[in-house]
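This is the structure, below, for whatever I ask next.
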Amino acid sequence: MSEEFTPQELMVAVASREIRDGDVVFVGMRLPILAYAVARNSHAPQARGLFEVGLMRDQPASAFLGTMGDPPNVAGALWATRMSNAMALMAQGEVDLGFIGGAEVDRFGNLNTSYVGDPRRPKVKLPGSGGGADIAILSRRWVTLMSHEPRRLVEKVSFVTSPGYGDGSPGWRKRNGLLGGGPVAIITTLGVLRFPEGGGEAYLASVHPGHAVDEVVAQTGWPLQVSDRVSETSAPTDSELAAIRLFDPEGFWTRS
Amino acid sequence: MSMAQAIERFVPDGSTVALGVALEPLIPFAAGHEIIRQQRRNLELVGPISDSLFDQLIGAGCVRRVTAAWVGNVSEGLAHCYRRACEQEVPRALEVRDHSNFSISLALWAAAWNVPSLPTRTLLGSDILRTNPDLSTVDDLVEVKAVRPDVAIVHVQRADELGRAHAWGPLGISEEAGLAAGRIVISCEELVDASVTLSDPNRILFPETKVAAVVHEPGCAHPSPVQGFFKRDHAFHRDYADRSRTVEGFDAWLREWVLDVPDRGEYLKRVDAEALRIKQHRPSVPSDFGYE
Amino acid sequence: MSMAQAIERFVPDGSTVALGVALEPLIPFAAGHEIIRQQRRNLELVGPISDSLFDQLIGAGCVRRVTAAWVGNVSEGLAHCYRRACEQEVPRALEVRDHSNFSISLALWAAAWNVPSLPTRTLLGSDILRTNPDLSTVDDLVEVKAVRPDVAIVHVQRADELGRAHAWGPLGISEEAGLAAGRIVISCEELVDASVTLSDPNRILFPETKVAAVVHEPGCAHPSPVQGFFKRDHAFHRDYADRSRTVEGFDAWLREWVLDVPDRGEYLKRVDAEALRIKQHRPSVPSDFGYE
Amino acid sequence: MSEEFTPQELMVAVASREIRDGDVVFVGMRLPILAYAVARNSHAPQARGLFEVGLMRDQPASAFLGTMGDPPNVAGALWATRMSNAMALMAQGEVDLGFIGGAEVDRFGNLNTSYVGDPRRPKVKLPGSGGGADIAILSRRWVTLMSHEPRRLVEKVSFVTSPGYGDGSPGWRKRNGLLGGGPVAIITTLGVLRFPEGGGEAYLASVHPGHAVDEVVAQTGWPLQVSDRVSETSAPTDSELAAIRLFDPEGFWTRS
């Protein structure tokens, strides 16, 4: 580890590695915007970012973004259009990777951003899907980022806003008509969970530096499967950190 | 027409109102604040996300139902008035019709094309299908029922007196919201001569036959951004998020920024508008509409 | 890339090709002529109307099926090659899938949104429902089956090397045709620097990820008009209508204007392009995309 | 009759009188474009023209149009958009009046612009619907213009491209789900046919100057009903003629 970094900075670095060169990435808000910027600056110079507000970009915006609709994200955009056109590309399978935030995720990668408790009288009303459900259903593969706490990584989400692998049974997505491939990783503050080929139940693939497998298991709301080949997550490289700090100079997203 | 007159005439109690249709930019906060001052009740709000405008209208007790994909504060997270309404019926009960961003767009396209519903492959496998009666599943498709706002309130960079509006930057669901709506209220940063708008008919957002009013309301969208005019006021959003955590905090915020403020002109004096103003111009290269 | 290369690579025999998607303006005649010169066969043509380009492709024997709302010569009336193909199977039999303008648009939106069909209230009571297997009736709605072109060929006023295309004037069904197509071939009057196209991202017609080729082909659309560049050549349309009344007349026309012409540069020397050129400029008022 | 005029000029004048002030008019090609220009210049200054190519205008174009997509029709337009947006307005009932050209019309106002004879091996292949079927079905009321010949005004069209009142039975349109009100007039080279309130069979309402009822009946392919109050069509006024000649100075549409 070449220098100190925050858990958010590590998550951004890990997320950026999920972006392959040439990918069309449906970029969510917050950390994924930074992950896209880092990837473009390093291993994925041909990636394109698609924003549900109705933008496509190559270069990351050259000033801080509070939202994807902020003016710096428009200047230099490759396409400023309607949301439904961005969604059209995703519905056609033209979006390789999507990022989704979530309040709760379960062992099959289902995300809840709608209701904790009974939707008719919820314990907590969360903001809702936004484009989350669309990404979860239509993008070729997707990733979510989350704070690793038992109340967030739960046995069963009380509401499936954005479906992962449903009840975890083989072929659940196909059987239910979902076009995209489903989640490939849950990047948390403690480690990275992945899914078996074809989907199913999440397993612990790597643990972040400074944390232990037992701790991660203890912080997970279901009996977490651990890969035989569980490893330590690679720390952010110097260049990853430099890029993160270039695009979030005041640490609005990564240091608060 | 003033914003007060436009709201008075075109947003009666019980209206279905589309707001914030460009998503994060161009949110017509001034229109929302006028709705609150005029104590409108039983509104149905329609929009994709709303970045705290819906939250304010809900906290002020104007809203009966929300049909939206997301209600929160884009940079800060949860919407506290929305939570209180859903969790505790404070200040009143709220009906929520959940959508995704794609499905709310399709609901408006259905209304624009005057069909009962449109099909989509999104939302399959989502519990949103269980809670929103406007969504149903047929084979491997979701049918999204048409949503027809009585009025869409749309802030744009410039418009002329007759309702030809130019907006730029990402447009979100502006077009389908305007076409779906019974009528459109335009608010604009600049009121320009028709020679400006008609110089570029491709940038005109709506048919003028749908536009019921044009309000010249600079700064209408604060604290949301307006390409070429204003940056987003992140600190203002954070302050609102902090203060709206409690009913008392929200009430004080509402008095300070809405109820005790007569109009947008006065509001802008209390904001550091100069710091937010975009000063470096990046004009688009013109297109030649010559014909002879 | 040259037009010959673009057609060679992206319009193989048997392709489904969308052409003339802006309706009367911006029809990519040069692309059609290159298709004829390269003797493509068994194409399916998709478009709203076509103002004689479809007629020429049909007369040259390139076409197996037409999916369109109207095939004719907009100022002159009937399409003679189309008639001969439908009435006498000359030069070959032709399958016709009739649409209305609205329904061909919806067929492309269905493909763009990746749903099997979209519903509409148009075409009820029309015999078009009887002859086109892509249309069916469910209750009081018509289901319009998705049409997915392999390639859309779209002429625009300007584009950059990377496929960001600016078009203006009426757009017809350009957007849905491009989004629905597997890929897009852009032809442009002016090949411009990216600083021009990116100065106005709202005017960029398509996501560059769909654009397979950009061909700099000034005058591509003759005899159809190009806003800001060329007037419509009415006399040329009339001459074509007259000469294409007979097979012999059409063959002679085709030799003169297509087969014996190596490329668009040579073609334009045979036309009085100066008389058609639009000389009075009417630039649009710029929009400010500034952000700080 | 103040001066000589062609049959086309009379048809344009009559068509223009169908346009009410404030109407949104779905303007077809050829004579209707001129009719719109004449109406705007006289009794309907608040009319708006909608063109399926994707344009809305108030003022008629200030130079000759060969097609609705010609550059003079774009300059000064109030909206340059996609065709589907223009169709959306019509589907909502926001288009008051549409014009449709036709090759054949029958007594119930059904238009054929597709096939004469069997569609599988037609005697004549006509260009097709274009926007005709859309206008016939969706506009509030519509008008067609046609050369008055027995082969054009036929007992029964061989193909209904653009439906009028179907089989003429009461309520046919409503029963079949057609939103708009249907045809209100067939303006021919010899006279004007109208329909009873609520639709049904066309009757002769007026005969153009210089023609007789018997002649019109003889030139019609079905036993034409004649109104008890059949009148002579008012000739074009001086100002109507002046407007027609202003917008078609070379007689491209009205003198060929």
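Note that the chains are named A, B, C and D in the order they appear, and that numbering of residues resets to 1 at the start of each chain.
Here is the rule we go by: a contact is a pair of C-beta atoms (placed from the backbone, for glycine too) under 8 Å apart; a residue touches a chain by one contact, two chains touch by 3 or more.
Not measured: the values here are computed from a predicted model.
**Student:** Steps needed, at minimum, to get from chain B to chain D via touching chains?
**Tutor:** 1
**Student:** Centroid from C-alpha atoms only, then distance chain B to chain C, rounded to Å. What do you get?
**Tutor:** Taking the average C-alpha coordinate of chain B and of chain C, the gap between them is 37 Å.
**Student:** In angstrom, rounded to a whole number, how far apart do the mean CA points of chain A and chain C lie?
**Tutor:** Chain centres of chain A and chain C, defined by C-alpha means, are spaced 41 Å apart.
**Student:** In whole angstrom, how far does the Cα centroid of chain C sit from the Cα centroid of chain D?
**Tutor:** 27
**Student:** Between chain A and chain D, what is the gap in Å from one C-alpha centre to the other?
**Tutor:** 57
**Student:** Give the residues of chain A that touch two or more other chains, as numbers and ranges in rising order.
**Tutor:** Those would be 55, 70-71, 74-75, 77, 80-81, 84, 87, 91, 179.
**Student:** Mind pulling the chain C residues that touch 2 or more other chains?
**Tutor:** 106, 113-115, 120-121, 141, 168-169, 171, 175, 202, 227-228, 231, 278, 282, 289-292
**Student:** Sort the chain contact graph into one of these: line, ring, star, complete or other.
**Tutor:** Contact map by chain: other.
**Student:** Run through the chains and report each pair that touches.
**Tutor:** Listed in label order, the chain pairs in contact are A-B, A-C, B-C, B-D, C-D.
**Student:** For the complex, which residues does chain B have touching chain A?
**Tutor:** Spelled out, the residues of chain B in touch with chain A are 22-25, 48-49, 51, 68-72, 74-75, 77-79, 82-83, 85-87, 96, 98-103, 105-106, 109, 120-128, 130-131, 139-141, 168-176, 224-228, 231-232, 234, 237, 278, 282.
**Student:** If we count contacts the way the header does, which residues on chain C are in touch with chain B in the complex?
**Tutor:** 106, 113-121, 141, 157, 166, 168-169, 171, 196, 199-200, 202-203, 227-229, 231, 278-292
**Student:** Can you check the complex and tell me which residues of chain A touch chain B?
**Tutor:** Residues of chain A touching chain B: 29, 51-55, 66-71, 74-75, 77, 80-84, 87, 90-91, 114, 119, 121-134, 136-138, 159-163, 166, 172-173, 176-179, 252.
**Student:** Give the list of chain D residues in touch with chain B in this complex.
**Tutor:** Interface residues on the chain D side: 24, 48, 50, 55-56, 63, 70-72, 74-81, 84-85, 87-89, 91-94, 179.
**Student:** Where on chain C does chain A make contact in their complex?
**Tutor:** 112-115, 164, 175, 179, 198, 201-202, 204, 206-210, 289-292
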